[in-house]
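Note that the chains are named A, B, C, D, E and F in the order they appear, and that numbering of residues resets to 1 at the start of each chain.
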């Protein structure tokens, strides 16, 4: 609905300002001026510090921890931009918090991922730009258009720079739920497939039993996941791979939440490198020496430019 | 819309569980069972632990600090209750956070108090029960029915037990904005009126100049406000009263937010007693010896009972 | 959401066509052609008499008395413009009727100011342009953007032309509710402050008792209010000022409703001049010789131009 | 959605209080207490004067002239009842103003009948009870349930008491648009059919030419219409019938708007009797001696009772 | 809301692709690429095969039989275009199925024409372009703008090419419901009027009795209707005309549904020619030799162009 | 929101009337009377043939093939029930068509499963009762409450009657996507797990290579899926099992769509028995001798009863 006379402007919440700045830089611009603060009682105050009337506004906010603070800040910013007569409001969510609460597996629980979609829409977003949603169905939680990007090309490009010999390359799935994602990477990168059979892992302690598929003996195992939260799953898979004789073990994930015991677990894990993106900021105390952070800023900037100029976003993936 | 075959049940978020329990006790019941927790990444998990299908559910949650946590918890609870087929959902908000962001005094700011109303409605509330909203117009921010209670009768009853001699009693307004509220109390309690003239206070340092109305010399000054946040205003008024020769100084407020320098200021203030309600929980480290906490639980319980049984809530004030 | 290829066009209802014409003139244009009439049974008929498809339409209608006629005419016009495919519809409300019904002070009353906001939105307005709303919170009654202008600069400019000696200038507040507004004017114009203490006025008849603040003896008193309805309050204040020895008394208000006994009261009041704006048309029989009408047309025209060209409206006040 | 423990209560606006009282009487009740007034500036004030929480409320308001006053009063009442927590709100519209603005026959006009439906719904009505809507499609303008009653049985019962000899009875259609309605009456009452051919009437002046169908010579002609507004059509038809030799001429209509030249025209018309209902109040100055007013109160009361007790309203017509 | 930088693009469902192609040709363009198919279980699959982000999209779909297939295909296409970020979505409905279900004549039936309007809006249409709706009130079933075209000029132009002598030309109404439509044609084309009196037709078998108005003896009778469904009404009228001595009989209708016994009836009917438009595709087995199909493609293309360029659509009829 | 004075009534569309009758029988009732038909042009006509005002209505309709007919019939029925003032409307969807269109895997496609949720809600459903949704996230596509049942207990009960020796029992997953479902059955039924590795199956033709997990040699393989559509996947798995030496092969699925080549494939497949439920009707020509149909009517009836009487539906699974 935008035409070129609605100037594009990117604003950032406080969740991941570094990423937002990189996005703006990629667009050859600086971030829009906005004053974000907390009153003494913790209430968030927002004041947009430049004219946004008729602008095509993109608000970058990862709803990573502290998720409730970051989500409320996003909602309040959306309200301010809407009332300030922005021409169009796109909520850019490099990380979509509460994404795992996307169904009712038991009775009397919320579907918080849907609630978040409703709140973002109610607060005034006209569209959403997301990255590697935990479940693709979350797009359908919105009635406004959602552009859903994938960090896979960014991660794959990096993996290719490692020059792992094709015959040594094994894609390792930490559990059944990640098979689909692993296959997408394997289709691009080649390599064999192996799956950690979690059910047996807990029951037996033998080495061979808990791996399905390709042998890891002397191979380079690469684990792919969408997010690393407490790191239990990825570290478990790494340990299995180590016991199975893998020569080198890598893990990749778009979203590095790294909460709870994650850092401790990762510090002790047999991982040569953990590859993450900057969808969530990594504070210094979590930045282990073997963590490599790739930036999704060029990807998001490109999508923002295409959205603004009405060019195909799907073509980003061709 | 309720009939007697929809059983009433009160549930509580984690913001002010003590108040919610008092409300349930006043209703001769216990709180409904609900499991509220945080995942390691800080996301809130909600599981209602008893059947609520067809129940008339009241969810008690003060959106006091940490306001964003408490507000999101309320919204997620509402989503869970709605999906669990509660017959009717009333959000009980003894303290309504963000109430002071109720207008745009400058350009490009949010009206967060309206946003909160929209979010609470979108998440599934059928009605709201509130206490001493900072601005009465916030009722109009909702399209669902709002029952708006006042703690004034509770506070006035307590003041009466002090037996202040009528000729000594002076209602002291800390600023122009509080005159209306002060007059409501004075109408019930009698006494003279004095107003702190803040504009002059800063300019001059003389004692008489910054007081308008009744003399305080040898009198008992009682300050009324709706909330005490950083306590700057109330402590300033107390100091003026002290300099004006008041014999005893009391301050009353419905909502004791007591954030930032509040406790420190109050500790040094010439207040004989600070009277608050339990709309916001007062942690031990804030509970100064001269603070008296009155409970609004009987008031809220009575309103809940009347709402449930379709009796007049207005009659609570007659 | 507008671009320059959506031509701006101003239309007027029948409430205040003179003001709308002045606005159009200020924009270097004429009013859009629209045929407004009543059928013999009083139903309003609307026919837009020029093409509006893709236009940026501003509909000027003060909802002054007869308020229900004017409000319904506005709603019907909005429906016609929406169905005629206007690109954007802005309801320009120089006077917002029912603004004082903005809260429930007693039980079982409407919040008509909110209802009006809902009706205007439902009928098709995309945004609203308002002038000196009775309560700033009314902005929050809308979920569509509201630009809220103030006539204070227009009135202050006029006051300055009077060249009242600074030491003689006293801003007189007719009641507690108008203190805030008075302070805004006083901040720009200088002068002392005095407040009519209404509660005592009724009780006692003595001259000094019912004035708080600066003495008026030999001074020039200027009363500021947002609207003059039955004129009871402003005439009461003028009489107090007269008894207090004021040399000259002026009254200013944005909205001159002048209903009921207003004209009679004003005719007998000790006012040297009553300064109003043309937000509400003043029929000849109400146009007393000492009434001065300032036009808000330049202000509204400027705001319309800025809204159309996506320029900051806040800057109007700098 | 009502159960018996939600007490039924009928309230009335000021448009047609006499009818509302008759409805309440037919229900063995009195009207609910509500204070309706106008402020000096003409704004409507509403205060419900008895508890309505959890009641099944029916608000009777004909939106007859002054239509805008009556419609706004209805909307404000609905807002008040909704905020006062009525269990269910039914707008009872014995006459639906603006019903003829139900389509866009030319470009750039409103569809006010649809706008009214939207406004009534937005203001809070849960359902509508209407009588002889000008076009049946207006039911579809609502997404809330509409019960649509017909006064035909009431009118037919009265016609039967006249004992017109069947062979003398001719149903006369004043124009093509009324043929369908006429056939409905004729199906119940018997008689021949004649149609006034308006197109020729204006061109020629001969007597026979402008009538299609049965001869009226010496017959009793009965004209049926849904509403009589300026009475041009019905008086024209009566004159045609007189010239065609009709012995007696009657006219019947549900809604007697009688605006503009209606009374004057009717006074001179060759009508033995004009039969109307009390859907619109008939002031004494319009009550010509030959007007007979039938009450639809029993019909509306019966429908209200059936709606309240969840009984079939369709059965009213069997 | 469109500006010229949003390129216009026409897409077609499978209901009437030939018409859509003609429309695109008239616009000097080709149809947009979209892949429409059915999965083996009959579910419709939609994939838009070119970029539509920021385009002004018109989706042509007649909801003719199979109506449910065609309607669902339209709704699914709308969902796909909305999620693909089309700038504006216009549903072009040359034939509006379910239009006759526009009221509740008996209790407990749907108003499907309104339901369809709600579904089309909910699925994402921003506006609708329709042709000869069965009832003009259907425009009011939509809250989005509807442009309502009439095929009458197309049909009249064709009739004029027949050069029927004015004195021989009789417009024949097949029933009372079609009188209004017939008069519109007669106003443009001249000629006399005759009406088939259906009520009597069934009762008596005499030739003269069942015709009202002009004699048909030796005349050219032209029947006008909005749609021909089972052809009962039009063939009945043709037979009446034949018995009444008409020399030639024509029938015209915008929408040729031709379902059930229609083709059989028409084959045996005394019609010299049946004139239809291509609003509904006519399969070869229904294309009788005496059927003439006029194209509404130029009319629809012109309207689409005007909508896109914000020019008056009303002017199409001047 | 229901109380006991709102009588429960079950109605059925034409998609699966036999199941609806079984549900009604299980409730000790007969189906509600409703007349469903098609006009000659294929439009669906609906007339509810008994009073439903104030009833708690459950409309049973599987949106199985012909899916668009069945879905539109459901929507039209919902419209009719809503307008007939049903107290509450529950759409009972034993099979939810379009469930697999639940995400955008490529650009510019619809999310039809979400569209269906929006349409069902817009047409008037207050709640939904579904069975084995293809993706659990579809619950989140609704903002109205969804009760989601599982046929697993019904199927498991039947499997248990087969008395397969535990050591012979192997749960066979036809692909990776069905592993989760298989594990749910295996948890209740015991047995080993084997997975068909589809990727390899296509590449190689060797027998062992395409099975992961437990050996099938001499075992009883039971395949579990949620639906059988063209039967390609299940028959492929059966063939793999046969080649792997399985002694007996069973397949189970809740929804037997059996479209396209399904019956042909199944006729030739090495399946001892195919176990389906009656969520979709199985016409005689598809009812192969080795198909066993279990009824979900008791399960659905129990859920309906619990919903009506406000009892826990979750307890159905304990």
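Definition applied: contacts are C-beta pairs under 8 Å (C-beta built on N, C-alpha and C of every residue); 3 or more make two chains touch, one makes a residue touch a chain.
Keep in mind that this is a model prediction, so the values were computed, not measured.
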{"item": "Mutual neighbours - chains that touch chain E and chain F alike", "value": "A, D"}
{"item": "Those chains which touch chain D and also touch chain A", "value": "B, C, E, F"}
{"item": "Chain of greatest Cα-centre distance to chain E", "value": "B"}
{"item": "Interface sides of chain A and chain E: same vs different residues, half threshold", "value": "different"}
{"item": "Whole-Å separation of chain centres (CA-atom averages), chain B against chain C", "value": "34"}
{"item": "Approximate Å spacing (C-alpha centroids) for the pair chain D, chain F", "value": "51"}
{"item": "Whole-Å gap between the CA centroids of chain C and chain F", "value": "63"}
{"item": "Multi-chain contact residues (two or more partners), chain F", "value": "1, 3, 51, 83-84, 104, 106-108, 111, 114, 118, 139, 312-314"}
{"item": "Chain pairs that touch, as defined at the top of this document", "value": "A-B, A-C, A-E, A-F, B-C, B-D, B-F, C-D, C-E, D-E, D-F, E-F"}
{"item": "Touching residues (chain side chain D, partner chain E) in the complex", "value": "102-108, 111, 113-114, 118, 135-141, 143, 148, 176-177, 179-180, 183, 195, 199, 212-213, 312-314"}
{"item": "Residues of chain A defined as touching chain C within the complex", "value": "1, 3, 5-6, 51, 53-55, 82-85, 87-88"}
{"item": "Chain F contact footprint on chain E (complex, rising order)", "value": "40-49, 51-52, 64-69, 71-73, 75-77, 79-80, 83-84, 97-98, 100-101, 104, 106-112, 114-115, 118-119, 122-123, 229-230, 257, 259-261"}
{"item": "Of all residues in chain C, those that touch chain A in their complex", "value": "1-4, 127, 139, 145-147, 306-307, 310-315"}
